[in-house]
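Note sheet for the following structure.
A, B, C and D label the chains in the order they appear, each numbered from 1.
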Amino acid sequence: MTTAPPLRGVISYPVTPFDPDTGALDLPGLRRLTGDLVAAGSHAVAPLGSAGESVYLTESEWDAVCETTLQTVAGRVPTLVGVAHFSTEGTVRRARVAARNGATAVMVLPLVYWQLTDAELERHFATVAAATDLPMVLYNNPGTSGVDLTPDRVVALARRIPQLTMVKESSGDVARFRALRERSDGALSVYNGNNPVALDAFRAGAAGWCTAAPCLVPAWCLDLYDAAVRGEAERAEAVFGPLLPLLEFLVGRGLPRAVKAGLGLLDRDAGPPRPPQLPLPAGETEQLRRLLGRLDASGRAPLR
Amino acid sequence: MTTAPPLRGVISYPVTPFDPDTGALDLPGLRRLTGDLVAAGSHAVAPLGSAGESVYLTESEWDAVCETTLQTVAGRVPTLVGVAHFSTEGTVRRARVAARNGATAVMVLPLVYWQLTDAELERHFATVAAATDLPMVLYNNPGTSGVDLTPDRVVALARRIPQLTMVKESSGDVARFRALRERSDGALSVYNGNNPVALDAFRAGAAGWCTAAPCLVPAWCLDLYDAAVRGEAERAEAVFGPLLPLLEFLVGRGLPRAVKAGLGLLDRDAGPPRPPQLPLPAGETEQLRRLLGRLDASGRAPLR
Amino acid sequence: MTTAPPLRGVISYPVTPFDPDTGALDLPGLRRLTGDLVAAGSHAVAPLGSAGESVYLTESEWDAVCETTLQTVAGRVPTLVGVAHFSTEGTVRRARVAARNGATAVMVLPLVYWQLTDAELERHFATVAAATDLPMVLYNNPGTSGVDLTPDRVVALARRIPQLTMVKESSGDVARFRALRERSDGALSVYNGNNPVALDAFRAGAAGWCTAAPCLVPAWCLDLYDAAVRGEAERAEAVFGPLLPLLEFLVGRGLPRAVKAGLGLLDRDAGPPRPPQLPLPAGETEQLRRLLGRLDASGRAPLR
Amino acid sequence: MTTAPPLRGVISYPVTPFDPDTGALDLPGLRRLTGDLVAAGSHAVAPLGSAGESVYLTESEWDAVCETTLQTVAGRVPTLVGVAHFSTEGTVRRARVAARNGATAVMVLPLVYWQLTDAELERHFATVAAATDLPMVLYNNPGTSGVDLTPDRVVALARRIPQLTMVKESSGDVARFRALRERSDGALSVYNGNNPVALDAFRAGAAGWCTAAPCLVPAWCLDLYDAAVRGEAERAEAVFGPLLPLLEFLVGRGLPRAVKAGLGLLDRDAGPPRPPQLPLPAGETEQLRRLLGRLDASGRAPLR
């Protein structure tokens, strides 16, 4: 439990497909998408993250997505389940569902309505960690959670919570990957959740890249990791340069909206995002078509 | 539906009592607290707002709090129910439960995970408004929701959504009360949700004050409104001066934690806030005791 | 020196006129504008504030503006001179020039390049205060200075710096006027520098209003103060309502640019703002003409 | 003028020495420090940047520092002179002084008091660029200037201002180095001014590193560049790891205060920073001694 987990590489985030007519969960669609991500070579699969529209699901929908994804992966690669909920009790419940379904690890983003004190945050993480036998990924994303867990705070938490062995860092501050590893004397594995700094993060020591981009262009993502991990700087640049405009587009439009628009363009429809989110407008979808087409035409890595 | 509602004055926000041992909803406690608020002279009661820990409740708990509060008020004063939920569907469901239980109006805070476009926000509000026959209060609180609905945006929304006849403004920017009334040609009623500017807001034209402080010191709150509405500037200052340190304390510590600590001090225990929130530490509770004691000793208005 | 100064009411900020052809200081123009402000009934005149483009002047220009303005006022009303400079030495030099020319008080905005520690800020203010016999106004404007001097910090400074008897607060947070007076037990006089909350600030206890609007519409500004100070709430609203759109326009476009455009429209040309600032574009000048025209046509108070 | 300049590598920023007794400029001290930086192997020298306390100098002091530094460098390496001033005219004057003294390029940080429009910023940069024959470095530092020049804005400016061929980017957002090069089709050379991301910036394509650290540990800085430019990832990490705590310390305390404290520890006293800045407190100086000692003891690169 306290040994470093084997999680590294491209950690793929499926979106959650909905039926275009009824808006209900589309579990066959989720199975297909998850299967595609594994078949494409993802090093891990992470359902119910930001891209998975977790906050827009009911509890029973959440459970169904968790179960379906983990059954589809069937242990072929590690799985990392986002269990964030406003209340500690709700987070614990989700962590247990993830454990029951065989997750490799749980990922906890603090959802903050009233600003939480340090003591409150620590008890929250500690309670969730103690609820299962799984290792825990602390997920820092100040932009969506409203709280910034700096490297010093994270390292202090990890000293007191043995299951906290991994950090997903989405602030975009590349200096934090190095800081987290050094200040924890290497005890923390660090993952990057900010797509536009994917290459810089690998170079700064990130063990993995948490990204929904493999839903659309898995080969490009895997190529980037391969080049980065082998230290082939020129090749890494040659992959990342053309890929970056797409990554910036996906992040700028909101992952669920943009990735679902892209799946539609690739004839792998996953339905609309759930309201209040709206599908990508036609003009932006056209722009996405051009971005995908340019990668396809480059001949470098085949779109899947 | 489109005529200005009779909502004005002190709009009291009950906290949601929990059993200190089990953490379960304490509905008898909620009935007592709600009854106290009405008996004290509140001009309206608003369950399931920020103070009510709405985001920490399950759906069935939410329904029970809504039903219990509205049954206890029993039409003696208007009721305003907070129905915020991340998804439009979840917000609509709650609005319908509020309507079924006889609410006077629904209040909608946009909970934002992915930044929403203007079109998405508008459709969200319009869909919720169309789901019931009730007038709708748009609730702006950039600090907790992550989105700032400026007067210009609110007025534009109100032009297209007839049920949107009221705004609760918690940004603390006093100039907005005037701006909202003037730019809507008086069509919008404006309510203040920022306790430390309560007096300034009344003077700038706020029709009401949304506050959890009446859980602890209702007579002071009602006195302030009375003085402000009669234009008795000196008396208003004499009430607000001593009251302000308490208001700042409540807001600074988080309303659920601080109000619940205060109820404990007044022998009207409402249990702890729900985790990850922790009860107020002993030192801060002592500080709160002094603040309450000072108001009590002033002899101006009896604590209830 | 430590008794509260008689500074209250409308504190008028002249812009600094430049020759439209050469860009050089236009001292006759400055004499005319200053004379107009006194003749119109301003309760005080404050050269070299933000509106006076202080940071765009050379040291000798600064001295000339200071001397010319104070000679023109000639003691008819109090004068308040902005002496901000990045270095303590530069600020001291300007404070001495102001004292030599007979200023009533100096006003100090901390210009911050490298973030300053509390000890550095305190020594800065203390050194400037000790450099002359004049009382000192601490000027808080987080938007332009990059540092926010909260009421608690200001009160702590005032306890250690006897000359610090006044505060100009431009954050727009109306609650601070009350907080500053109460936490200093009334020792601090507080002035509002945020135009759009002018009326709210008077009601919350501001002793004066620091504003460049009297360059264009002095009678309206004086009327507002008169109504506010007499507690005539309805009359104050009747003045402030029509005035507010103009105040918001002036602030939104930058005071030097907007006030100078307005002076041009009133045939009292003060030249262009100094580059990099550009004159107001034609479309916005047209908008300003309409705003001024509407006030003029209201018949309430004559434009001067 | 429009060909890419040969500026790359470690661009060293001297602090500006002052006499500890009188506070006056210490030009012999500046000559020694500048000479040390060149002798240590700096690839360029950049006087009058942030580290040089430019905003705390009088105009004649500014001129003296410019002249003295450039005479001392005497063309042995390129020089880059920071010419920022609030007014366009003041910036032009300084650019001309720099040109007259033989600078290789001028660097322009927009100092912003009133928010500037896009048109104002463009005219400012264009006017300064046209004032001399030198290439111009646009310096983006949102933290100290209050304006953020994003890659898109910079590239748009560079298209219209031929002398704008270089960008110093201090936002710390590593993704911008790549974005600036790609969106300008390689026409812009990009330099990093944020010390804690020095290694990441080189890897992301920064041509140089603008830093005051060579005043204290030049060999470490040069080593880092050498390892990075040769693509020796492991060696680069081995240099950067131990160096990073010192870089973070220098930035966190303010470069002038911290670098001057370090020079004192190394028996190369450059006097105090200019007030309102205060010398580093004893406790922090002790911390700095330990940080420098640790690098010295590592035996990797000799301190100078």
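Criterion: a contact is a pair of C-beta atoms (placed from the backbone, for glycine too) under 8 Å apart; a residue touches a chain by one contact, two chains touch by 3 or more.
Bear in mind that the values here come from a model prediction, so they are computed numbers and not experimental data.
Note on connectivity: the fewest chain-to-chain touch steps from chain A to chain D number 1.
With centres computed as the average of Cα coordinates, no chain lies farther from chain A than C.
As a whole-number value, the distance joining the C-alpha centres of chain A and chain B reads 36 Å.
For the pair chain B and chain D, the distance between C-alpha centroids works out to 52 Å. None of the residues of chain A touches two or more other chains. Those chain pairs judged to touch are A-B, A-D, B-C, C-D. The part of chain C that touches chain B in the complex is made up of residues 172-175, 178-179, 182, 196-197, 199-200, 203-204, 231, 233, 240-241, 244. Within the complex, the chain A residues that touch chain B are 23, 50, 55-56, 58-59, 86-90, 110-111, 113-117, 119-121, 123-124, 127, 144, 146, 254-257, 274-278.
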